[in-house]
Amino acid sequence: MSIEVEHISKSFGHFKALDDVSLRINDGELVALLGPSGSGKTTLLRIIAGLEAPDQHPHASIRFHSEDVSSRGVGERRVGFVFQHYALFRHMTVFENVAFGLRVRPRRDRPAKEEIRDRVERLLSLVQLQQFSKRYPSQLSGGQRQRVALARALAVEPKVLLLDEPFGALDAKVRQGLRAWLRRLHEEIHITSVLVTHDQEEALEVADRVVVMNNAKIEQEGAPHEVFHQAKTEFVMKFLGQVNVFHGRVRQGKAEIGGLAVDYPSYKDEAARPATVYMRPHEFDIRRKSNGKPSFPARVVRTNSAGAFARVTLQRESGETVIVDLSLEEFNQLALAEGELVHLYPKNARVFIPEVAV
Amino acid sequence: MELALTTTGFEASNWAHARPRLKAATEEKPWVRLACITVTVLFLALLLFVPLASVFAEAFREGVRVYFASFSDRYAIAAIRLTLLAAAISVPLNTAFGLTAAWAITKFQFRGKSLLITLIDLPFAVSPIVSGLIYVLVFGMQGWVGAWLSEHNIQVIFAVPGIVLATVFVTFPFVARELIPLMQEQGTEEEEAATSLGASGWQTFMKVTLPNVKWALLYGVILANARAMGEFGAVAVVSGHLRGKTNTMPLHVETLYNEYNFVAASAVASLLALLGLVTLAIKSAVEWKVRRDYEAAAVSESS
Amino acid sequence: MAKPQGIKRNVLPGFGLTMGYTLLYLSLIVLVPLAALFVKSAGMSGEQFWKAVSNPRVVASYRLTFGASLIAALVNVVFGFVVAWTLVRYRFPGRKLVDALVDLPFALPTAVSGIALTTVYSKHGWIGRYLEPLGIKVAFAPLGITIALVFIGLPFVVRTLEPALSDLERDGEEAAASLGASRWQTFWRVIVPTVLPALLTGFALSFARAIGEYGSVVFIAGNMPMKTEITSLLIVEKLGQHDVAGATAIALVMLLASFVLLLVINGIQHYAGRRYQGAV
């Protein structure tokens, strides 16, 4: 089941949570809505679910598989919604929680008792909680509760699964495990899923496609490697992964920062304009001697090789700090000493010219 | 904007403070501790316990037979019946109101919410005599609808309807004020989850909301009931003290007392005192139960 | 008031119905009858009203009611603090029973409290018989009224203070101790200021309850005009004499006093909320 969101806006009083957002989610896809808090991602998810109504707009619509569901309430959209704080019914056992959606159906649609039991048990084994069916939510760990919430959402055989910061309240280790588990689960049941998160690692690892949101708008959408390596906006560049930021200017097809010039063919004008240049830590070479290629000098401040790669912190003459990641091999070969002056060769740089308000 | 005129709020957090053993740095000298405990026990014993005990002592002064004879009196029976009637009408009415108001206030956002909560608490701020008086002003002979009522031969003041109305007024906020803070704290997530799973509004209320607030509801209901059966001032104003007709139990106590029939007055009073004690017992049991549940939840959450 | 902001359709159903019923019931039971008091008073001339609320017998009743309520609330602040402190900080046999006993004045019908106190403090009562030879008259005297008001006001102070005291962070006291403060200094400089809003709220609640109290006072008061007649009783007397206007005028004064106290209490809580929890 595909989801089409068109021209959706939402204001809370004076606060604009969504500003004319349109988005298409394909059948069977797992999409992550990624952004800082207040970017509108949760509001978008809640509007898709029908938990929130969008502002009135002549062209606004929410369609599931081309069918307009805008006027349907949350109970009629057949979505499975997993709440951030689980929202488990605390007075019901795990079994009763999962069975709830089936038991509240009108008698003619309600499955027989045995069937409900079978289905709940199948779901509990899917989320690996068979042995906990008689426990109450308060007797479970956070990760287990989250899995109950997921089983409960799946019990009604939703056509769409919506997850609001599903791992937000869990500690890092549990999160890692659940993330991989969710991905496997998705491979297994292949239900169209939308996941809201502010954790970039989570989004990049789990999702087929990542939608980066900021300030009530979608900044960029694409496969994880696309948004990471081909950031279209400064925000996406800064939000995903670590980055070194340099302030300089552009003119005549070049961006200049300090003594360094980077090609920037799309701006050919004579008149200089301020520009920001971004370089990722792993996109540098470090050399002791200049070899004529564009580079800038910097002094080694600190090195740390406790990890999969080595992190070198350097300082430019102007005082700016630069972070460079080297492979351990390269790092060991160089044998940098703290306080040493070296040359940095950028392998890749992205230049953004701030929009000028006209 | 809340006026805690009856009891402290129901929220589990109020009771949930585990009290760890004191550390040496924040411990008082033994004599200070002993003095505090002594003052507390003596003060409460003299102020609260001794008078309570004296009611029972006075009631049984002339023996068990006289004690029970006080209830077989025709007027006593009528008073007990009227008291039960007033409570049986006012408590369900205010329970229904409390649930309705709590749903509207805690599950939706709207302007003027805190004003509405203050208005619901208002009857707590009005003294009992004034509570009775305002109904005299509406329904009495010189009241707004008094002339119309007497034309149609309907009597409210100095009759049973007035007593019921005054009782409804003084017990008005009890259930609502126990439910509102708790339901506010619980939020709307569970209800949203139920709705997203296809439950109807009524199913959501019955299967999700109500079980979550059942202890607070019980707590509010027993407090409302105690007040309904025990109310004196407001009912005194609208009753007219017609023996066998408009005397509730507390008013009957007063009548007997003013006739210097101390033993019978104390006997009926002891029955009311028993009601108070039972209320206290249920209240303590509910508090204990909720605290235990809350602590159990807290323990398993941290493990 | 009756329209949820921004959203046309709510996720959860029943807003119109429940809000409609809430407002209707609230208006019928509370607002309209209360309005009657104001309308009735507005129907009196200024002079009539002033005469009704300021004749010497009425003024004497104010003095007694407010005076006794003030003293009772002050007594409750002192003893209520000790009781709350003991219940929160110390473990001793029977603590649970003592804890439950504190709520007795809430649960006991006021008429029962009234005759119980009168029985105990009258000339031949369990306590009165020991006070009589010392020349202390309790029942049918202002002292008796004050004791009754202490009785009904105590739970307000204790139950308001208890959560504040158990919320007290131990580390504040430990810090004070580590800085060389004695336990007594810590008490006055750390503990009391922290729970002051709760203490003031408890005081105001106890005072508010006392000025309107009727049932537990009328039996022990003796009800002699100018001497032991409280304002609530005076309203009843006026009604008994079919002086509805006079009763209404005095009732309005009492009601306004309660509203002022209500505002004060809300003010304290608002101030405390801002000051101690910080703006969120």
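Every chain is named by a letter (A, B and C) in the order it is written, and numbering of its residues begins at 1.
The rule is short, and it goes like this: contacts are C-beta pairs under 8 Å (C-beta built on N, C-alpha and C of every residue); 3 or more make two chains touch, one makes a residue touch a chain.
These figures come from a predicted structure and were not determined experimentally.
**Student:** Just to be sure I understand: the centre of a chain is the mean of its C-alpha atoms, right? Then which chain's centre is nearest the mean of all of them?
**Tutor:** It is chain B that sits nearest the middle.
**Student:** Quick check: more C-beta contact pairs at A-B or at B-C?
**Tutor:** When the contacts at A-B and B-C are counted, B-C has more.
**Student:** If you average the CA atoms of chain A and of chain C, how far apart do the two points sit, in angstrom?
**Tutor:** So the centroids are 55 Å from each other.
**Student:** Need the CA-centroid distance for the pair chain A / chain B, whole Å please.
**Tutor:** Their C-alpha centroids are separated by 52 Å.
**Student:** How many angstrom lie between the centres of chain B and chain C, each centre taken as the mean Cα position?
**Tutor:** About 16 Å separates the centre of chain B from that of chain C.
**Student:** For chain A, which residues are shared contacts with two or more other chains?
**Tutor:** Residues 50-51, 73-74.
**Student:** Which chain B residues touch at least two other chains?
**Tutor:** Residues 192, 195, 200.
**Student:** Mark out which residues of chain C touch at least two other chains, giving numbers and ranges.
**Tutor:** Counting only residues that touch two or more other chains, chain C contributes 5, 11.
**Student:** State the interface residues of chain B toward chain C in the complex, per the touch definition above.
**Tutor:** Those residues of chain B that touch chain C are 1-8, 14, 17, 19-20, 22-23, 25-26, 28-29, 32-33, 36-37, 39-41, 43-44, 46-52, 54-55, 58, 97, 100-101, 103-105, 107-112, 115-116, 118-120, 122-123, 125-130, 133-138, 140, 142-144, 165, 168-169, 172, 188, 191-192, 195, 200-201, 204-205, 223, 226, 229-233, 236-237, 249-251, 253-254, 257, 262, 265-266, 269, 272-273, 275-277, 279-281, 283-284.
**Student:** Inside the complex, what are the residues of chain A that reach chain B?
**Tutor:** Contacts found on chain A: 49-51, 73-76, 79-81, 83, 85, 87-91, 100-101, 104-105, 138-141, 152-153, 155-156.
**Student:** Sort out for me which residues of chain C touch chain B in the complex.
**Tutor:** 1-5, 10-15, 18-19, 21-22, 25-26, 29-34, 36-37, 40, 79, 82-83, 85-90, 92, 94, 96, 98, 100-117, 119-120, 125-127, 147, 150-151, 154-156, 159-160, 162-163, 166-167, 170, 173-174, 177-178, 183, 186, 201, 205, 208-209, 211-215, 219, 232, 235-236, 239, 244, 247-248, 251, 254-255, 258-259, 261-262, 265-266, 269-270
**Student:** Mind pulling up the chain C residues that touch chain A in the complex?
**Tutor:** Residues in contact with chain A: 5-9, 11.
**Student:** Taking the complex as given, what residues does chain B use to touch chain A?
**Tutor:** Per the stated touch rule, the residues are 189-190, 192-200, 203, 207-208, 211-212, 296-297, 300-301, 303.
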